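Given below, in the form of structure tokens, are the structures.
First chain A sits with chain B, and in the next complex the same chain sits with chain C.
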Partner chain A sequence: MAQDTHDPLQHPEVRLVNGRAYVAAFVVATALMTAALAVAMHGGEIPHPMLVLSGAAALAVAVQIMFLLQLDFSSTQIWTTVSFVLAVPLFVIAVGLSMWMFHSLDARTMLMSLMH
Partner chain B sequence: MTASGGMESGQSALWEPHYHHDVIATRTLGFWLYMLSDAMIFAGLFAAYGVLSHTYNAAGGPVLHALVHPWTAYAETLSVFASVLAYGGVMVALKRGSREGVLAGLVAAFLLGALFVGLEVHEFAALFRMGIYPEGSGYLSAFFALVMTHGIHMAFGLLWMATMFFQVAAQGLTDKTVYRLLNLKLFWHFQAILWVLVYTFVDMRGVL
Partner chain C sequence: MVNVQGPWSPIFGRLSLGAIPDNPIIAGAFIFSVVLGILVLAYLTYADRWGYLWREWLTTVDHKKIGVMYIIIGLVMLFRGFIDALMMRTQQVLADGAHSPGFLGAAHGYLVPYHFDQIYSAHGTIMILFAATPILVGLMNVVVPLQIGARDMAFPYLNALGLWLTAVGAALIMLSLFLGDFSHAGWVGLTPLTELAYSPGVGTDYWMWAIQISSVGTTLGAANLIATIIKMRAPGMTWGRLPIFTWTALSTNIIALTSFPLLGVALGLLGLDRYFGTHFFTAGMGGNLMLYSDLFWMWGHPEVYFVILPAFGMMSEIIPTFSEKPLFGYVTMVAASFAIAGVSWSVWLHHFFTMGAGPRVNTFFSIATMVVGIPTGVKVFNWAFTIYRGRSRFETPMMWAIGALFMLLVGGLTGMMLAMPPVNYSVHNSVFVVAHFHTMLMVVVYGILGAVTYWFPKVFGFRLNEPLGKRFFWTFTIGTIMVFIPMYTSGFMGMTRRLDYLTNPALFPFEVAEELGIGFYLVSVYYFVRQLYVSLRDRNANRVGADAWGSARTLEWLAPSPVPFYNFAVTPRVHARDELVWRRGQGLDGVAPTHYEDIPMPRNTSVPLVIGAFALGLGFGLVWRIWWLTDASFIAIILTVIARSFVRDTDYVVKAGEVERIEKNLRQRAAEVARAGAAAGGIDVLRPRESSP
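Showing the complex of A and B:
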């Protein structure tokens, strides 16, 4: 962490910039989101379309994290990576538990039967 | 164990007078932790949207299929990704020490980001003209809150870019402008990641 960097452009966080990685992130993420559009528009012909869309989104996010944010285990990025890895379960738990709780609540109330 | 608390030789401890505090690394990590807490706002909004996206929460009003337009959403995706790529150009120019390159990249990233915001404003204006407002139902409240929060983040990113354009033009690539450009990179790239989730779980799910 302690760097003698009088020139800010020599800072390790500037030095890790990688133009090819940004282009790769753009190409892969665009291809995945184009595929997602095709899947969504032909959803009836594809088994489990929501699962396929979720997979494409997970891949696109992973590619962006690796190539745009450049999270890795180098001494420059380690704490960025650790804090991100620790935050992901909080995000998943917050969304997942809320949806699960209300899904099971809906199943036990009359609202669902009124709609069907 | 040494006086420096077991640190490797060559490095100085925090309490030693010649310790060099790495301002850039401290500020980018601090801002990154802020971005992660910002992501929890989106977790709350995605959770609310997930809970309220059942048809009966629409109270007989419009549901997602009527609200989203796949090609507009796709155009928005391309503009976000292209803007993020242009900001990558800002970073490459920064590494080379090119002030002109940084300024040109900021203009390109700003214009492409503004295209996204313009498309979204156009999309919402069309919904409002059809009488579809956030207060229409719990379903619509959750939809507008999620998509608009992302849009407002994008608008603030544009404001930040415009600010950085004038700061870099006036001050050059100093400690302060460099850490701010690095923080804006974290912010802008994070918006692209969140957009992938909005595009997939709101727009594409609505098209299905």
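Showing the complex of A and C:
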């Protein structure tokens, strides 16, 4: 229950606020997304575009975790960090099984031909 | 922005007088709503209850009142969804065979196909997202803080916000009845039918934004309940002593928190398609229409367990109480709940086995689906062993719980059949599937009705009428059997779902049986309303003490009935898994605290209601493409949130003396109830005491 007996600004979560880290995260994420967009638009000219895109996405996630969400093993952030780690299997299941399914599906239906 | 068909003006968007439907059935519904609305408003004015309504309900942050309002919204929507079902059944019994008559402009039956499509879409959307979900969230809201010995939810303000966002979703759906259309693409939103090219009207937009806005509320509520269960437990309430309903609430809300964002993404991408002309889910142009089904069911299947797990929790509370025995296999029950929650993430493809994925993919998901049967089986046996050699009493909540058990058996076994991909190649999209998932959802409905009866005295201080409750149960059960057994049969005979006209006259007898069944449902609705009315009228004869059933086991039954706004005068210390049984055994169940302390409580606030009102403006503006309204509402929401963050006076303190005075009054009243001897409140002294597990 909300008990406003303490100064909210003294909460450890609030103390983590760091303007420079936020700006850095924003700039890096924007740069990565712009690069990813460029790769997507000129996919043919770059070797292994899917790998480059996945790499950019992974890098963006890492930057956001470190600078924006500031996840670490301190007593304040450990819950959030553990929650994030527990969500990784769900991510693997959701994305991995979907890719497997669509790979199997595309080989058997006309969906791929519709995409062009 | 995509250009839409038809006229558009900057002030009214797509809204015009032509949006008002000229259908006699809708006109009837409109008159019914208006009359009911006028009656309610007249009563509030005549009885001078506006101030009470505002102070005690609309601006409240009390978890019990918010829970009750969630349940009221859910029951109203349940009624609306039921009327949709009644209309569908009547259409199918009328429109059977080439010689069936047509009324109201329909070739067969009385509903034109486009209207029929909207009815089944509304029925599904309403029943799952605006009836089952709010009622379950409401029950969790009421019960969980009481079961863990907390004063309120972790974030009371957020809790109220979740309620009002859910209310906005429900309001948008109700508005779509009288202003424009509702979606005709099924509650799942069949792609590419939901794309602007095939659904140029506002129906799909109503459906999309109602779900989108209310699911924000559900997600916030999930975070709140998880935080409450983890952080707000009373001293001594270790994980091993957590009541089983709270365990299922935890597992269910983990599902909600992880899956609802996926729904948001799926609908968001559909929104981009419809408003900005992108091609995520189009057929062709680089889009992939199956991606929508994939994303939707990746949420949709966890959502199925989001609604079923709390029902399992309710059954696990009701059955021990009325068997007067501890729950059999507590640890396995908890493990089974989390196993079901975990597996819920890897079975979604069984909703589209026939889509064309290869045998390996289908086999994987088939086995994953069958695995769900293991923890569910564990639960069924645990309940059976709890009842076995117990002192079973068949009061209404127990009847509902046992009814749910039977539904689970039928639904579960047909689910095992549907888990096999070859079976799906015969019955996919047939009414056999419809009958299966309705039997499963009946587990939820039976659980809910049992739980509402079970916890009603805790919230309101008096029990619901038993004889009428029994009539409600039996008419409802006969209705269920008569609707869904013929539906299974006609599904096997090849009847596909969502039909506004049946070509096969051989199906007619089954349709008649289903129509009779829905008639029984109608009678059961009458008994339910009558039960509520009679119970309210005779409430003074049915008042109960803290333990309304005389054999309750968990912490919530320690607080007075009705529960005071601060829940527990002194935060209880928990000693056992079935705390009340332990205290009864120690002779401590009626002991008053010797020392009271100040209680800090959250202050009422109108901000969640205001944000809800702006969200309604936002949703309405988006549906009708009234951009000024959309922009203004969105900015207003952000400004309100910012303004609220400057409000520091969000709590107040109830002084120890005040708490003592309230408690004394409550104890005195409880003693009077016991003297009056009506409807056994408190503990029945003739019943032998049992030891704690």
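Some observations on this one:
The definition used in the following text is that the second predicted complex is superposed on the first by the 95 of 116 C-alpha atoms of A that agree within 3 Å, B and C clash if a C-alpha of one lies under 4 Å from a C-alpha of the other, contacts with A are read in each partner's own complex, and residues count from 1 in each chain.
Note that contacts are C-beta pairs under 8 Å (C-beta built on N, C-alpha and C of every residue); 3 or more make two chains touch, one makes a residue touch a chain.
What you see is a predicted model, and the numbers here were worked out from it, not measured in a lab.
Within the superposed three-chain model, A:69 lies in touch with chain B and out of touch with chain C [touch as defined at top].
In the superposed pair of complexes, A:90 makes contact with chain B and with chain C alike.
When the two structures are aligned on the shared chain, A:38 is found in touch with neither chain B nor chain C.
Contacts of A:15 after superposition: chain B is touched, whereas chain C is not reached. Here chain B and chain C are compared by how many residues of chain A each touches, and B touches more. Contacts of A:102 after superposition on the shared chain: both chain B and chain C are touched.
1-5, 87, 90, 94, 98, 102, 111, 114-115 are the residues of chain A that lie in the contact sets of both chain B and chain C, per the superposition on chain A. Residues of chain C touching chain A in their complex: 150-157, 232, 258, 262, 283-284, 286-291, 294, 298, 345-346, 349, 355-358, 360-361, 364, 600-602, 648-651. On the chain A side of its complex with chain B, the touching residues are 1-5, 8-9, 11-15, 17, 19, 22-23, 25-26, 29-30, 33-34, 36-37, 39-41, 43, 49-50, 53-54, 56-57, 60-61, 64-65, 68-69, 76, 79-80, 83-84, 87, 90-91, 94-95, 98-99, 102, 106, 111-112, 114-115. Contacts from chain A toward chain C in the complex involve residues 1-5, 87, 90, 93-94, 97-98, 100-102, 104-105, 107-109, 111, 114-116.
Touching chain A in their complex are the following residues of chain B: 11-12, 19-22, 24-25, 28-29, 32-33, 36, 39-40, 42-44, 46-48, 50-51, 54-56, 70, 73-74, 77-78, 81-82, 84-85, 88-89, 91-92, 94-95, 97, 173-175, 178-179, 182, 186, 189-190, 192-193, 196-197, 199-201, 203-205, 207-208.
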